[in-house]
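Both complexes shown next keep subunit A, but they swap its partner, so subunit B is in the first and subunit C is in the second.
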Partner chain A sequence: MSKPAVPLLRVKNLSVEYRSDLETVKAVNGISFFLKKSETFGLVGETGAGKTTTALTCMRLLPENTGRVTGGEIEFEGKKLLNLPESEMQKIRGERMAMIFQDPMTSLNPVMPVGEQIEEALKLHNEDNKTKDRIQKRVDEVLSMVGIPASRKCEYPHQFSGGMKQRVVIAMALVCEPALLIADEPTTALDVTIQAQIIEMIRELRERLGTAMIMITHDLGIVAQTCDNVAVMYAGKIIEMGTAEDIYLLSANHHPYTMGLFGSIPNLRTKARRLTPIPGLMPDPTNLPEGCSFSPRCFKKTSVCDEVSPGVYRNGTHRISCHLLKAENHWEAERQ
Partner chain B sequence: MMRAELNSEAPNTAADILVFKKESRWKEIWRRLKKDRVAMMGLVIICAVIFLALAANLIVPYSTALKMNMKLRLAPPSAEHWFGCDGYGRDLLARCLHGSRVSLLVGFATSFATLLAGGMLGALVGYVGGKLDDLVMRALDIFSSIPDTLFAMAVVAAMGPGILNICIAISLTNIPGFVRMVRSSVLNIAEQEYIEASRAGGASVMHILSRHVLPNAVGTLIVQTTANVASMILTAATLSFLGLGINPPQPEWGALVSEGKEFLRTAPHLILIPGFMICAASFAMSVLGDGLRDALDPRLRT
Partner chain C sequence: MHRFILRRLLMMIPIIIGVSLLIFIIIDLVPGDPGSNLLGPGARQEDIDLMNEQLGYNYPLLQRYGVYMYNAVFKLDLGKSYSTKKPVFTEVVNRLPVSLTVAFNAIMFSLVFGVPLGVLSAVKQNTLFDRIPTGLALLLASQPAFLIGLVLMLIFSLHLGWFPVTGAASWKSYIMPMVALGLPHGGRQLRFTRSSMLETIRQDYVRTAKAKGAPPRRVIWKHAMQNALLPVITVAGNSFGVLIGSAIATETLFGLPGLGTFVVMGIKQKDVPVVTGGIIILAVIFSFVILAVDISYAFVDPRIRAKYSGRRG
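Let's look at the complex of A and B:
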């Protein structure tokens, strides 16, 4: 904590829209965060909160004809990603920054042996002219690192189970030892036992390789297990951000949405016939409400919430964007 | 610990695997194709037809195919003339054999040219999309708004008859349809997550096209191309019939059928035999294509 390390990734005021002829979807609305080397950053929120869009924007993989960055900047290893030409971006992707996709069933090419898919990134980023044997050796190494016998690399994706496929996908992302790994819901498509194995493996690999990671998920348990810092997203905004302790400490102040999220986790010890969900749905991203986007569902809503968008309040490492904190001690308004 | 162990073993296993893989790819496809009896039958027929076409001069000299003998006019099949004789008393067996050379050449060359040009163009516009897609597809719409035969006739008329020009004309008429088909199948593939995963790995457009998109479209490409072979032979026949294809004394399967149709009632063998040849070749091509598609698809492996 003595010297502020240079962040590996810094996202500042990023806004992203999806435009079609009929409507404009405001997917991400001015989010900022940064990520240091070998740190894990959790991005949580409901479906449609803009988590995946944020990740795709960092990789510059937004769908070309609809996705548009309308503001902000992304800095990665000192480079401003949004202005880089595509050819430069291709060098960064896979080599410095890699992504694990959500669904292992569809993110592997069905007609290519898995070994070839893993070596693809190595071959594309082969600046130092590694020999074929070296590449093969590295593929074997990565495969055994994720717990798949290297002898299976000539097999096709359909010959693997779901958990094994996800391991292959992770091996693909790790083969070049990237500085930043973006994991977009890496365990959503898997059952719980495999989930635990994969999370454990990701954690181990991170420790071994020192890779920084953005963990996108809607599973609060996974975040608690793996992340150093956490941001809660709602309707394209970060509404609460802090260290994992800040977010998970029940006695601390929280955004009403975060409280709602935690409240909807089933608890074995208390008797309840039903879960307690947050009432209502996320606002329509083509037509966001004025003021706080969460106000229509908020149980602590006041009249000001419908009119003024809340600023960010800060207490140490913990930041919350909610009007309620104006009245709290230790919390001060932050202006960026 | 694990790493050290792995490294000590790695060179050995890696080399083994590499060798194993290199051999098995093609061997495996061949092994699976061999299991498919129908496809093998197709392959045998195709090989036989190609062999006969290549060896036509050794079996009967070309002059036999042109030698007229009015005494044998419309002679039915006999021990001396296995396939009988045509309206000018020419030996039909010799004409069929020598005709196969032109027909097969036109069929294969045009299908291959269509596959190459149409496949690349279709994959490119399907994957890249946007303005390029609009531009190319509208241009192709203009081409396909002209009736096929008319278009081919215009091309041959402009460039003059001759096998090469016929091939060009037939390929040109077939490319728009082929592009459209490849494009639609590529549009599907381009949306798959593994394409995005490959982009996330830093792959360029050309790399994705050649390594991911086309291998996944290969089934459609093969089936359509093998089906094309037969239809191209028939288009060539149409052109010959209109006097724009092969010049009359020279035999060609399609031309044989159209010559024979005058004698349909009196000497049906003139149309049945060359017609059967075309059928056999195209049937063999399509079953071979089906078999190849199955053999190339790793998901269907047994």
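Let's look at the complex of A and C:
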């Protein structure tokens, strides 16, 4: 891997826990990835794999009482985010790094007109003293960009449909033209036709604005449509990572979990009576198994899997964390 | 919005009729008749009967109620007190400002310290900034106002001599009743604000505001507070309505000529016109307070506003 210019975002060995009096949930366990300018990075995995936690940690928005970063580093535009004072972080949030949340129904303030909510980010990050007119103009601009007539900016969230609300949320995230946009399952709460519209819009906007993006989803179709690089997460770890081609090329080697994920998507070309789901459930994050955390569900498991946590094996841009790759040609162990 | 207010005002007519009829019936069930009450124990039965006839007491209940309400609404006449022979209406009107002032001051005072401390304890949940105010709130909310009043009297009237002990001579007389009533209500207000705020600051839109880069103070006061306000308004409005008529112990303690003492005196002396008139007036005022609370919801929450104006969102 030739070292490119400083990546926009670099996450190194990040571990996050949620601690309460009763238990400790190990949500993220030592993940590393990086993201270049204008690149789209897909973070895929089941519910509870640690995707959202990763995103919230990047924004430093973990719940204060329980969430705790137990190790690792996050570097964004050359700044080490985890050591930054809160006031510095406020300057980054919304201005350089913005987030689209999962549920548009609840992520807008019900008592504030949508225009005002969009405008807020501009006002908070108004370093060059834009006039009121300029700010209003920008709000109109960004609203029409996401396909909402600017005349509706005085309306309240309850007057919008779910898809329209998500457009407002997206407008809110994009209004300051951030360098990085984190989209946390932006379409999960929407129905399929609206999903397609929103994804198409996000793609278009990204191309127009050159915003880098982390796309968090459990929908492999969305990843295929939008992402340059993809990481598959399982139980707080990245178990497979590579370019979209690496992940989607069926003939390449894959982690058994990734294969399972693809097996659970319906295929129109083959006649299958049933989908093949991955048996079992994600391990209890308060009590992760020793060895590979996927081993209890793995159909290719060997005795070593229950005892030793697998290292990372690499083939070009493609990385997999599985003992099986040890025996494969072209794959070499990566030193962590 | 105007139409909503008008509609609510019209709806108050049946409410007031219902409430006053209920009060009228309940008081009618109390043994004794006005004649014997007015003339005293030594009176002859003929005189009592004559008196009852003059007062219209021999007519059926509903007819008497009709006459009473007609006089009340169109002549502002609620009858005369048995004991003082003064018109009840003037007495109520004279006492109303005192009660309103005491209740209003107490509620304002309770809000001024209850709401900010409630917000503080919610934001700093499980720290000392939470435990001390909530502990204090529990202590205050569980004290009767007259006890706090007595302590205040002891300190500020007897020892320091800052405020008069009793009476309603100047604004100074209203300070200690305000504190005595406001402290327990403020304690309750604090706990309501805290729980409402705790619920609100966990909402997604609060996180959205943080993600925009809003500083914590703005997140709390601008985004969370307005959403957490509804229960706070409800509690404050209800407390205000209740306080107007039921601050009896405090009124008695501080010698304030308010409505609460008026009605209680009426009950003790079986002074039927005083009790009926007093309670009906209190019920009417209470309905107006609730109306004001409902209207203020609309100012805080656009969803309710939309419902009121009848347009669908």
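As a working rule, the second predicted complex is superposed on the first by the 333 of 336 C-alpha atoms of A that agree within 3 Å, B and C clash if a C-alpha of one lies under 4 Å from a C-alpha of the other, contacts with A are read in each partner's own complex, and residues count from 1 in each chain.
One rule holds for everything that comes next: contacts are C-beta pairs under 8 Å (C-beta built on N, C-alpha and C of every residue); 3 or more make two chains touch, one makes a residue touch a chain.
Not measured: the values here are computed from a predicted model.
A.B. asks: In the superposition on subunit A, see if there is space for subunit B and subunit C together, and answer fit or clash.
C.D. replies: Clash.
A.B. asks: Figure out whether A:S107 sits in contact with subunit B (first) or subunit C (second), or with both, or with neither.
C.D. replies: Both partners.
A.B. asks: State whether A:Q136 touches subunit B only (first), subunit C only (second), both chains, or neither.
C.D. replies: A:Q136 contacts subunit B only, not subunit C.
A.B. asks: Based on the superposed arrangement, let me know which partner A:E77 touches: subunit B (first), subunit C (second), both, or neither?
C.D. replies: Once the two structures are laid over each other on A, A:E77 reaches no partner at all.
A.B. asks: If you tally the residues of subunit A touched by each partner, is the higher count for subunit B or for subunit C?
C.D. replies: The partner making contact with more of subunit A's residues is B.
A.B. asks: Once both complexes are aligned on A, which of 8-16, 26-34 or 62-70 in subunit B overlaps with subunit C?
C.D. replies: Clashes with subunit C appear only in stretch 26-34.
A.B. asks: Let me check the overlay on chain A: which residues of subunit A are in contact with subunit B and also with subunit C?
C.D. replies: 59, 61, 65, 90-95, 98-99, 101, 103, 106-113, 120-121, 124-125, 156, 158, 169, 172-173
A.B. asks: Using the touch definition from the top, list the residues of subunit A that touch subunit B in their complex.
C.D. replies: Contact set of subunit A toward subunit B: 59, 61, 64-65, 90-95, 98-99, 101-103, 106-113, 115, 117, 120-121, 124-125, 132-133, 136-137, 140-141, 144, 150-151, 153-154, 156, 158, 169, 172-173.
A.B. asks: Taking the complex as given, what residues does subunit A use to touch subunit C?
C.D. replies: Interface residues on subunit A, with respect to subunit C: 59, 61, 65, 86-87, 90-95, 98-99, 101, 103, 106-113, 120-121, 124-125, 156, 158-159, 169, 172-173.
A.B. asks: State the interface residues of subunit B toward subunit A in the complex, per the touch definition above.
C.D. replies: Where subunit B meets subunit A, its residues are 2-3, 6-7, 10-11, 13-15, 17-18, 20-21, 24, 129-130, 192-194, 196-204, 207, 211-212, 215-216, 218, 296-299, 301.
A.B. asks: Across the complex, what residues on subunit C touch subunit A?
C.D. replies: Touching subunit A: residues 125-126, 203-205, 207-216, 218, 223, 226-227, 300-303, 306, 313 of subunit C.
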